[in-house]
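Note that chain A is present in both complexes that follow, paired respectively with chain B and with chain C.
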Partner chain A sequence: MALLGAPDTSSPLPDVDRRLIDAIERFRLVGRGGAGFPVATKWRAVAQRSRGNAVIVVNGAEGEPRSKKDRVLMAARPHLVLDGAFIAARVLRARRIVLYIGERHHAARDAMLRALAQRPEPERALVGVSAAPARYVAGAEAAAVHFLNEGIATPTNMPPYPFERGVGDAPTLVQNVETLAHVASLVRTGTAPSTALITIAGAVARPGVLEVDSQTTIADAVQMGGGLAGPARAVLVGGYFGTWVEASQAWSMSLDPSAMRKRGLGLGCGVIGLLPISRCPVCDTAGIMRYLAAESSAQCGPCFFGLRALADACTRVAERGSNPDDLKRLHRWAAEVRGRGACKHPDGAVLFLSSALTVFADDFAGHRAHDARQSA
Partner chain B sequence: MSNSILWYTTRGAGAVTLILLSTVVVLGILSTLRVQSASWPRFLTTALHRNLALLTVVFLVLHIVTAVVDPFTNLGWAAALIPFSSYYRRLWLGLGVISFELLAAIVITSLVRGVLGHRAWRAIHWLTYAAWPVGVVHGLGTGTDTLSAWMLAITAACVAAVGIAIVLRISAGWTDPLAAARADFQSSVDRREAR
Partner chain C sequence: MSRDLQLVVDRIKCDGRGLCAELLPELIRLDDWGYPILTNGPLPAHLLPLAQRAVEDCPVLAIALRRMPTPR
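And then the complex of A and B:
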């Protein structure tokens, strides 16, 4: 069963129980929100604690700036996403489902609400809707739980994890909308979907959302997106918490999670961004670092001060040209910030920066001054 | 002398523990005050705090073990672990046991802070403000050397140092360098009104 392109209908779901978790484990479903966490592990943790009181949070916050796949999926296949949520609710014996949809994703929310209205009353009564603030960290699991409890979408310290004490202190599953669609597809067809959704962005003729299988290479994805709009310098795999790859090495790379893991990469949130050779990688990296620093929820020093210092050093290299002091600082601070944050925001940001410092090492070392704002 | 070496070790380790523990407490308070200078970066305060704390545990264990195994005292392990169970100076030894067990809780929770979560760790770390004075009173009450001039000087210096640090801590209030930025961010993701 395809995710996009197939008709979206609702029909009664087959009976499901705890054995579904074993099937999910057998097919190795992983979360498609960005972290790639094993779905079965998460479900089992909630199932063990649920006393018929679990909460399912359907995460369609999609705060990643370049990503569109979650809102396209919600708009095109709302019933498939709802199927996944209702399956989770049955298997985990949930009392409540919350659709946590980005406040600016109007078409997605409208489609989800229309689909919900077509569902029978006993199912519909479980579901509530919530508008996720349009900030980067608002889609984080802990931020979603904090928002639904307190109305403030900032990540909190973990533990307690959502599966221990989540929405209303009940065991809570926070799962990305595409992941839930994968589960629904598994239940409907008896086998895991062979495809995943990605967003192709940057130097491509038709940027947008694509459905790819594990044989699809990045070159194939570019072809599906209408071909290159111009020569590409590098590819950002996995969005702003992802990794830069040299274009020459990227083309033949298949978008297969296990093959990518072997190369130390991940599909992350599924954004494949093509950097055209006309743009300066140093200035673009500085721009993204400034964005990520500004998206810090200012809850801990390593994130607020650390990312700001890193973004400032990047910007100095971008605006005034390369200098050994700032390069040394970037490497040292990136290593020092990692693992120190109250949440994972700084880790994602320095992972991105580290890959830029590696892939664009020569650009960072030999950068000449030009105005960063033109490029970033 | 072969017997008294244990006894001297107990006394010496007790005095060293007092000095180390007081230094650790002062460093801990200084790190919450974010004290720094060009030659004394902030990571130095926290690294010293952590390493001296572990060193304190070593001397504290030495202090307790030598006291228990010393055949002359005949204290027994129960007296070292159960507060106020000792036949000998029940009150003063009991305070020592309480101080030791509080410190053990503080050290163990610090070692597993990642698993425990920050809020619980911090609540338990506050117990330092109980463990330190109880330990000092234990030393004053039962110390063999308490009234010697050098031990009085050590105790006075430790009490003065921690006292000054606490006064600085209280007078600094609860300032948070991130407060403004945090409030700013929170207001952008705060939808309490809308709900």
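And then the complex of A and C:
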């Protein structure tokens, strides 16, 4: 296994230059933080603007509640992540690297600092460390840049994009830790890793982080996680900004980003969550919507008021039973809120809600009040 | 048509005062919380004067006219 299974060692890096960006493009590396953006496009944008002043933000914020893969990677392969950061710094001619690690990810942070202390001084001198606030949006590119500049981890309007004006107004690459590990692996081995990290959560015997390849199906991942802990009703693919899929349709689906895109799905941050039949999908959806509403930065009206109203309507259906007025509102508001924030937080939340309204349409239409504590 | 203009809202600045929707109901309506929902697409030429007023009169200067990005 290329990422988690291999020993984590530090050895001098091969020489790299801007031709690496062409290789990254050839191997079609995409970001593993959630958005799946092409890595080469991002690197080229920074490379074109860097006058030896670029900044590399190593994004280990991992604010997604169910995701663990970034902190597990940082704890297990800190040198591989640092390799990726130093490679980026050389190719993009950066003068500074910031390790932006979630404030609660202690083991990850300690491992990264221990590994850093083993690196040679000229490299080490580039690197600073910053604790990312434990908020959902803190890992968004613009929020990371805002936090490093002004101590406020809320998104800002784009443009300007981080690659234009980021940390200290310099061209800035904000890249997820797993993505940097993939680049390092490409440089070390001459080929892109055939595996990626996911987090399997919910109704499996051993929830946790798995290394999967593009052939791995959701059924395989469940097997790797020790099998189902009980019958599953549905699978949430891609975390809280992801999409619900009926369990029967999910098993044969492979965790290959391009195959998933063809089905209108995305691997997102790589969380695969299994909903057991013992839980109420309406109550769980309402709970996640309340969480996402509370995680709004409260900067944009449609997000702050809209997500709160959507969470309240979901909660009314969950707690008092279905009613046609709230169902109509949920559909209308979900469509209206989309695309009307400075960042993608409202879009992710309504994408998740819309998939719940589709996959659990009968449950939403026929929901009766019951003790919601069974599905807190 | 490289001269096509469109209205854009700065979602962080916008306070939901609603003046823009009063001036330009043809293109702007308000959601249930008072924030503008804009009709997509280029601004029809005959609405340009009203759109300019909406831009100038916004109390928090949250709305602007921009050239539409040229499709690639």
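Keep this in mind: the second predicted complex is superposed on the first by the 372 of 376 C-alpha atoms of A that agree within 3 Å, B and C clash if a C-alpha of one lies under 4 Å from a C-alpha of the other, contacts with A are read in each partner's own complex, and residues count from 1 in each chain.
In this section, contacts are C-beta pairs under 8 Å (C-beta built on N, C-alpha and C of every residue); 3 or more make two chains touch, one makes a residue touch a chain.
In this text the structure is predicted, and so the values were computed from the model without any measurement.
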Under the superposition described at the top, does placing chain B and chain C together on chain A give a clash or a fit? clash
So, does A:333 touch the first partner chain B, the second partner chain C, both, or neither? second
Now for A:342: first (chain B), second (chain C), both, or neither, which partner does it touch? both
Which of the two partners, first being chain B and second being chain C, lies in contact with A:160: first, second, both, or neither? first
After the superposition on A, what does A:214 contact: first (chain B), second (chain C), both or neither? neither
Touching partner for A:301 - first (chain B), second (chain C), both, neither: both
Thinking of the overlay built on chain A, is A:53 touched by chain B (first), by chain C (second), by both, or by neither? neither
Tell me the contact category for A:309 with respect to chain B and chain C: first, second, both or neither. second
Where does A:150 make contact in the superposed view: on chain B (first), on chain C (second), on both, or on neither? first
The chain contacting more residues of chain A, comparing chain B with chain C, is B
Identify the partner contact of A:41: answer first if only chain B is touched, second if only chain C is, both if each is, neither if none is. neither
The only stretch of chain B that collides with chain C once the two complexes are overlaid, out of 91-99, 109-117 or 145-153, is 109-117
Shared contact residues on chain A for chain B and chain C? 157, 299-301, 342
For a test of understanding, state which residues of chain C touch chain A in their complex under the given definition. 10-12, 14-16, 31-35, 37
Footprint of chain A on chain B - complex, ascending: 115-119, 177-178, 181-182, 184-186, 188-192, 194-195
Would you pull the chain A residues touching chain C in the complex into a rising list? 156-157, 299-303, 305-306, 309, 333, 336-337, 340-342
Parts of chain A lying in touch with chain B, wherever the complex brings them together: 131, 133, 135, 137-138, 143, 147, 150-154, 157-160, 296-301, 304, 342
